[in-house]
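Two complexes are shown next, each including chain A; its partner changes from chain B in the first to chain C in the second.
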Partner chain A sequence: MQLSRPPVRLGVRLLVLLTFAILPGLTAAFDQPFLLDLALRMMILATAAVSLNLILGYGGMISFGHAAYIGIGAYAVGIPAYYGEYSGYVQLPLAIGAGALFALITGFICLRTKGVYFIMITLAFAQMAYFAFVSIEEYGGDDGLVINLRSKFTGVIDMESTHEFYYVVLVFLVGALYLVSRIVNARFGMVIQGAKDNEPRMQSLGFDTFRYRLACYVIAGAMAAAAGWLMGNYNYFFSPEMMSWTHSGELIFMVVLGGAGSLFGPVLGAIVLIILEEVLSGATVYWPLILGAILISVVLFARGGLEGALAMLERRK
Partner chain B sequence: MNTPVLEVRELSKRFGGINATDRVDLDVHEGEILAVIGPNGAGKTTLIAQLAGMLAPDSGRIRFAGRDITGLPPHARARLGMARSFQITSIFDALSVLDNTLLAVQAHAGHSYRFWRRARRDKKLTEPAMAALQQVGLADKAAANARGLSHGEHRQLEIAMALAGTSKLLLLDEPMAGMGGEESARMVDLLRALKSSKSILLIEHDMDVVFALADRITVMVDGKAIASGAPEEIRADENVRRAYLGVETPGDA
Partner chain C sequence: MEWVLFVSQLLNGLQLGVLLFLLAAGLTLVFGIMDFVNLAHGSLYMMGAYFCVTLNPLLGSFPLAVLVAVVLTFILGIAVELVVSRHLYQRDHLDQVLATFGLILFFNGAVHLIWGPEGNPIALPEYLNGRFILPAGIEIPTFRVAIIATGLAVAAGLIWLVTMTRMGMLIRAGASNRRMAGALGVDIKKLFTLVFALGAAMAGLAGMMITPITEANIGMGDDILIVAFVVIIIGGIGSIRGAFIAALIVGMIDVMGRSYLDGFMKLFLDNQSAETASPALSAMAIYILMAGILYFRPRGLFPPRHR
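Here is the complex of A and B:
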């Protein structure tokens, strides 16, 4: 029954990933390095959105502070670099470890609340991180600092080469997607989804839902910090602004636009949002207004986001 | 006589001026069905909520499987082998019928910090889950979304979830509510068949069901357990007849 339907979603996934895979060749041939830059930003933010989707889409934990992890990941490149430590073998584990630790500490408190309170307290912690880094003059305060060199994996990958860095980013995106697809279908993921659906029932079945949620929150935080590590390398720059709540909002927008709780939705959301921003901001200074109207329409009329719309297309044909 | 699986002593819970549970004593022995009956508002659901750990009693003790569990949270009690069905259907709407049952199995299959193997392909989970669905007659709906089931099927799924684990004691809060005659009769057969392997505390309004199934009956009125005994004793008990069994119409407290 399923097989006779046109696999629209699968087709879109393959098309998107294939396009990302061959893009460096195309942009070189047509001399459009700007497109490569755009694709890099899409993939990095998509990786972060995929991690947010793990807690928001599958776990029902609406974090309004996910950009904090991007900032933490970027500072994990910048601060060691400031002291002359450029090794990626130091910076990447530092980013992941710091992201996981921040998620563990804040999650321990946030996850005792539900609904709007959870949203507000995740926002509050992200703002605390933001202002903490604003106040550290040593690392540039609110101006941030420039990073001279990207993370070094001497003899393995040359991150300074745009193409090599590009494929590192692509591997992270695909890796994040694969990781989330395994997690949500494993026993752990069943618990996370059950707790989103009906937490008291999970507890009466015998699950200590708080711990499972906390573990999920930590995994998502570590993944987002890895995306932040990419972002710091991509920008050659870090600043507290990366942690600002507007970026957290953007990540939520990507997940909702693409389809919360669908594996590939956040990737589509990131791509479409970034294209919209590019196109609209070129056309009018009032572009955030139009963007807002689009988001409201998605929430009101297309609950499943882009993935939901594609699924509907599959059913109709 | 063997020691009871569940032992409740002097359990009390007040809501404002109302004694919802008033110094209740009861025992459930191994392999026995204890029915708790009483008019609406007698405190049956409040009692179950305290037994399952959703509600903390003001005083009194609950012992289960030889342990004092009065202070334990719901998930810890479930871990010890206490399963519960809800009076108002409580399932996982967004998941399939099989997934619902699978979670109930998984709850008793060790920890769930397993991040890699696909749970739906794990025979250790799917086989007991399917067996439980088979028992309640829902196997052909395994792949369906739980949200789309009929009311009676929701009740069947509730029971399947209570059966799916390795629980010693089932707390069933009006499991037959809203079931058709045929479904209800099937459920009576099923519960009777379970008796050998599990103990059951059953809350039920339908007196035919209660007298068909129960080994012993505890009657609650206004938060008090006014009588406990074998069905024939309860049927003959003057207090019970007056308070509840239809000699006078019970008031909805």
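Here is the complex of A and C:
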């Protein structure tokens, strides 16, 4: 019976989004600004993870270079700011445009390949972006640069106000979720998912799967760059380190931990991973050792991620 | 003077190429035979270096320390294969990538715990620390020659092993058709363990060879691993010959790009823009090369015949 099942997943989704929505009030009441900071990071990385899930979870394109887009988005805040251009109306479109362009160029080559080649090539292109920015001394090279002011939307939003910035980030997260849900349920998304399961079949049905995939890849890149734009604003800082491939690995972990190919999974994955990192790094400097062991165990023993576990819970009751 | 610099850069390129081959050979074998993506290969490179850091003063002889450290890395390779990798061969590449990413974090944390966060140097003995003086004022550090010679010897040994011996035959049989080889009575599991550990030992050796020049650092294998990936992609995943040729090409282009690109660009750009653009471009050179090759040959220069 469809109706007798408790809607665990829907409940969790609403609970998470509701908590995010009322958190500024709570943290102000209990004087815990640190929690707000943590929630901001969760939401920004969740936005990036949601965009990665679009290509990885739904499209089967295992991109190991997604952190590059976050870096590109952050540089799109930092480089204009370096030249005195703080307008968000310039920076945000620049971030999205640059992310889309990088995705278009690299995707054109990456998507000609399959499987493990694809993983390694996306990784290599992200590394290329990383080293390119490391070697540009003008923008701080290895160390990156400080951004003095957040993007300005004069008269509309004051990004310097923590609460207003917080809700901007929340809007981006919800927007990303909405966009992905619209995409995967549209004809376009069906083609992408069909090509993941059986590409020759989609091709023989007359779909040019390469073009569909490329479009999907570009959309995900643009979304991740928007998350990077938020990240640059959040940190007041940009550096090549944001593009390093360990961050790409973390994004993949968020998606898989939450449940690849489920709309809300990446958000749960981002929340859990950041809490895990926060707790472990507070407990010991050797936290990567423990996190690594947890990661390996998750892969070896838990399949389907958190969303999968919640779905099991629904079925059992 | 120009020539002296050129020759020494040529040697640097060769040295980088040889080191890359040591790393890439293991990667490409493991992938070719077991269809397994091992991101933690760079960690084995790091572990080899750290073993050598500890053993060198203990044993009092660098070559002996290298020898023992190679054996230790081999054993570590067996352990990693038995505990983690073995359970991942049947999984998809995403799971493999994630689990081996976890291994990287684990090893980086372990090195931090055991050896501390600072870099660890390896002191070379006198006879490796000198220079060969050639005519025309060309000086070559002895140790660089030793690296190149060791690397080429290992490459030759590996090619001999794979093409001429019974074990090599089994490896090739496993690579072209795993199930058939298993059905014909080859102990595939044992073969996999052996190949994995062999790759680990070669990666460890590469780490030991570079440490006297740089230092052993946490995460030292992470960046060079990506370059090793570029090498096996260019060479064609699974091909030893491809890995060798691609490693030399990548090593040369990387070193030469860094030292000569700005001079070259000054020929048709003004000094200012050449000096800003050339570091970025030379850092990107090998990736651009990879993109170019993949555009025309999506499976690399020497794609394996099967699969």
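Keep this in mind: the second predicted complex is superposed on the first by the 317 of 317 C-alpha atoms of A that agree within 3 Å, B and C clash if a C-alpha of one lies under 4 Å from a C-alpha of the other, contacts with A are read in each partner's own complex, and residues count from 1 in each chain.
One rule holds in what follows: a residue touches a chain if its C-beta (ideal position, glycine included) is under 8 Å from a C-beta of that chain, and two chains touch if they have at least 3 such contacts.
Bear in mind the structure is a predicted one, so any value in this text is a computation, not a measurement.
Q: Spot which of chain B and chain C makes contact with more residues of chain A, would you?
A: C
Q: Kindly classify A:132 by the partners it touches after superposition: chain B alone (first), chain C alone (second), both, or neither?
A: After superposing on A, A:132 lies in contact with chain C but is clear of chain B.
Q: Determine, under the contact definition given at the top, whether A:117 touches first (chain B), second (chain C), both, or neither.
A: second
Q: Looking at the overlay, does A:256 come into contact with chain B only (first), chain C only (second), both, or neither?
A: second
Q: Quick check on the superposed pair: does A:183 touch chain B, chain C, both, or neither? Answer first, second, both or neither.
A: first
Q: Let me test your reading of the model: by the given contact rule, A:296 touches which partner, first (chain B), second (chain C), both or neither?
A: second
Q: Looking at A:287 after the superposition, I want to know if it touches chain B, chain C, both of them or none. Which is it: first, second, both, neither?
A: second
Q: Quick check on my understanding: which residues of chain A belong to both its chain B contact set and its chain C contact set?
A: The answer is that chain A has no such residue.
Q: Any idea which chain A residues touch chain C in the complex?
A: 56, 62, 64, 106, 109, 112-113, 115-117, 119-121, 123-125, 127-128, 131-138, 245-246, 249, 252-253, 256, 260, 285-296, 298-300
Q: In the complex of these two chains, what residues of chain A are touching chain B?
A: 182-183, 185-191, 193-194, 196-198, 200-209, 212, 215
Q: Within the complex, which stretch of chain C touches chain A?
A: Touch list, chain C to chain A: 31, 35, 37, 39, 84, 87-88, 91, 93-95, 97-99, 101-110, 112-113, 222-223, 226, 229-230, 232-233, 237, 276, 279-280, 282-284, 287-288, 290-291, 294-295, 298-299.
Q: Mind pulling up the chain B residues that touch chain A in the complex?
A: So the residues of chain B touching chain A come out as 52, 54, 73-76, 78-79, 83-84, 86, 90-95, 99, 102-104, 106-108, 112-120, 122, 125, 161, 165.
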